[in-house]
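Note that the chains take the letters A, B and C in the order they are written out, and that residue 1 is the start of every chain.
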Amino acid sequence: MSRMSWGILGRTLLGRLGGMLAVLSLVSVLVFLLTRLAAGDPMAMLLGDQASLADIALARERYGLDQPLLAQFVLWLGEVLKGNLGQSIFLQTPVSQVLLDRAEPTAWLAIFSVSLAMLIGVPCGIASAVWRGRWIDQCVSTLAMLGASMPSFWMGLLVIQLLAVGAGWFPVSGYGEPGAGWLTRLHHLLLPSLVLGTLNSALIIRFTRASMLDILGEDYIRTARSKGLTESTVVLKHALRNALVPILTVLGLTLALMIGGAVVTETVFNLPGLGNLVVRAVLRRDYPVIQGALLVIAGIYVIINFTIDVLYVFVDPRVRHG
Amino acid sequence: MTALLPRLHVRDLHTRLLQGDSPLPLVRGVSFDLHDGQTLALVGESGSGKSLTALSLMRLLARNARWECSGQALLTDAQGQQHDMLKVSDEHMRQMRGHQIAMIFQEPMTCLNPVLTVGEQIAESVRLHLGLDTRAARAQALRALEQVEMPAARQRLDEYPHQLSGGMRQRVMIAMAMVCEPRVLIADEPTTALDVTIQAQILALMSRLQKDTGMSMLFITHNLGVVAHHAERVAVMYAGQVVEQAGVHELFAKPAHPYTQGLLACLPGRARQLARQSGQAVALQDIPGQAPAMNRLGSGCSFAERCSVSLPACQLQAPPWLGIATHARLCHLEGHP
Amino acid sequence: MAEWRLLLKTLFARRVVLIALVLLALMLLMAAISQWVLPHDPMAMKVSQRLRAPNWNHWSGTDELGRDITSRIFYGARYSLAIGAGTALLAAFFGTLLGLLAGFFKHLDAPLMRCVDAMMAFPDILLGIALVSILGASPTNVVLALTIVYTPRVARVVRASTLVIRELPYVEAARAVGVSTPRLLSVHILPNLMSPILVQLSFIFAYALLAEAGLSFLGVGVGAEIPTWGTMVAASTQYADRAFWTLFFPGMAIVLTALSLQILGDGVRDLLDPRLKGMQ
């Protein structure tokens, strides 16, 4: 690469990095504010009805809750940058530990769901675009819209009724015993992954279809056809390769959003994941956990977003060569 | 002496856009013949239907709209067989495209796939139509690039379109189109988007290639200057119709249709010439008015409202073809100088 | 005006969109007249009739307190649709404001968009949960919370469109002539934004409907006493295995309404797209 293009590249990357840091700072402020406003006073809940005002005051001091809000924010941020997310009030374990414990089911659920969404969504989206307006397009589009109209818990409950309770093929809920093997875990993950996968494929279908339609209208597709290439070559080799990058972007972002966004499904299937954790923490007013979890969830999304942006710079040959 | 079969014989081509209540006629009865080694220039302003004519012949009309084409377009292949491009099956047409007849387009910037190398975009044609394997196809692609005088051809094979300048991209387009040695090349304003200096180079290249291979060329342009130097015959289009067809020298010396006369009079060079001849200053000419909207055409001549010498009959009756086989015009006016 | 007629004409041309419109109209009608035209009192509890399967008397069966589900669905339409519509309109309003400002004023763009990015880094549901916890569980608060959740989405779309419209020749011409900025924004740019805003309205209505259901299911929504479709599904969880209809019918109401809204949104978008790109 020429020295000049390295310079442009470097500047682009720095710009993106700056943006990411700005967003992360805003995210941390939001997380802090939201948590403090939402959690109310956890001390009363923790100590119970019998606690005296003096006890509550002492506890507040111990947790640093008597200090001004800004001071608390700076303290917390400082700790976070050192890697310390605080201590859960209710579980009396470090928040980072709690998050790690809960990460596994959420991560697997996210991976399986997105994979399923991709396997269903991309081919359907391509077919929809290629045969635009015909019955296959109408069917796929309507099914995609149906998928986007279904409350995930409704579908989850239906699926549980039919396949778990009714047919007995799958466990009704949970993640298996603490020491269960990976096969059992897989068995428990299949139904929720099915639900999330099909619902998310709706978005993928629509996006793939839109992306492909855009590209199929480009001049170079007409050139490809003018060379007498077969339609499948035109679609799969010439069009898809151009559509792939935005499609992969959406898949990446969907994955990121599922890290905390699968709350409802996790609740329905009783999976001990991150989303579930946040809801419980909110109900229990366990603010260190809320803060830590929200920060990690949003932070992961921003970082994945940034990574995709950076990858674009390297993957797109146009940008690469300045 | 038997007349040689024209390589491409187009008769009464009509293209209609199907939209709303009534179909919109955009190409209205275009006919021409193209012989081996000959260049026919299709000249007209934007919206006259020249690009649509080409796209209709190639069956590459935009897919997000519905079209209706009628007429005859007989292409004689290398074996002497005739095929009606408008009537053969989609699969048959696909096989002919890129092999018997090829097309290059106006915008080299957007007409090449940005994520495939130049070499690959040329080689895939070769693999498809000539059945060569990967290595042989690549060698053929290299030869094609050398033929179009691409500097550092071997290196270019593995480069991407955005790494090349406009002129180089157009050379790639030409190489892609010609690599399978088609008998007919349709060039839709191939130099309009290029710098003037590059334009001359590309035009010279195309002329040379044509002489070397003996292929025929349908050259679409709105630039009369280009026509003068690179075509043997000219067909002037207006509002979806060919209004005059002639040999290039004839057309420039003795334009018979009022529109052609108007076009030529618009050339600054022409004004200068007239000024020199008459010894007086001559104002730059233009043709008053605008091209008609295609959905509001009357039954008469479509040029009538802008024509300085029109007769009352011109607005009411469709004009006939007048003149001789080698120089004809669509006009009511008899014996026009 | 001619534009609206064209819009309506083309909307009616597509069968699916027509069906969607009809369904939506029915839902709205239901909500409006439910007070007078109900088979049963939606609040009347008849414990002897609890968890009855669908029959001639109760078309969708009865719930765990003996209440007629069909009537409750009709009655609950008011709340669900009101929450959805309220969210959509408010989010559209604030989102347009933000998007216009960000798209038009270059120095406001970066800060506003970073804020939007920060808000969109949170999954909708989590943000919704946090906000409702802060504000308290009630229909108004749910609308408020969901408005905050969906405003960034609208802002992004409006900003993108504003950036394009700002560069249009006639907008530049208006500026050159000296049209004041407020007038420029409201008279020249805003009308062109109507199309994407309408599309967004439709979709956010659907998302809000689904979000409210999810929040109610998790117990952080409007509160169990208010009969929205979401709370109905939430309440049915325990009885789903023996009284399937308690889960099925309220859920179907959500699905059909959200589906109709999305079909409508798509229809409007498809119509406007070729018009924007131009067939010339």
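Some observations on this one:
One rule holds in what follows: a residue touches a chain if its C-beta (ideal position, glycine included) is under 8 Å from a C-beta of that chain, and two chains touch if they have at least 3 such contacts.
Model, not experiment: these values are computed from the prediction.
In terms of C-beta pairs in contact, A-C outnumbers the other of A-B and A-C.
Centroid distances built from C-alpha atoms place B farthest away from chain A.
Each chain gets a centre from the mean of its Cα atoms; for chain A and chain B, those two points are 53 Å apart. Chain centres here are Cα means. That of chain A falls 22 Å from that of chain C.
Residue positions 64 of chain B are each in touch with at least two other chains. Against chain B, the residues of chain A that register as touching in their complex are 216-220, 222-231, 233, 237-238, 241-242, 317-318, 321.
In the complex of the two chains, the chain B residues touching chain A come out as 58, 60, 63-64, 94-99, 102-103, 105, 107, 110-116, 124-125, 128-129, 160, 162-163, 173, 176-177.
Residues 16, 114-115, 117-119, 121-127, 129-131, 133-134, 206, 210, 213-214, 217-220, 230, 233, 237, 240-241, 244, 247-248, 251, 254-256, 258-259, 262-263, 266 of chain C are the ones that touch chain A when the two sit in their complex. Of all residues in chain A, only 19, 22-23, 26-27, 30, 34-35, 37-39, 138, 141-142, 145-146, 148-154, 157-158, 160-161, 165, 257-261, 263-264, 267, 275, 278-279, 282-283, 290, 294, 297-299, 301-302, 305 touch chain C in the complex they form.
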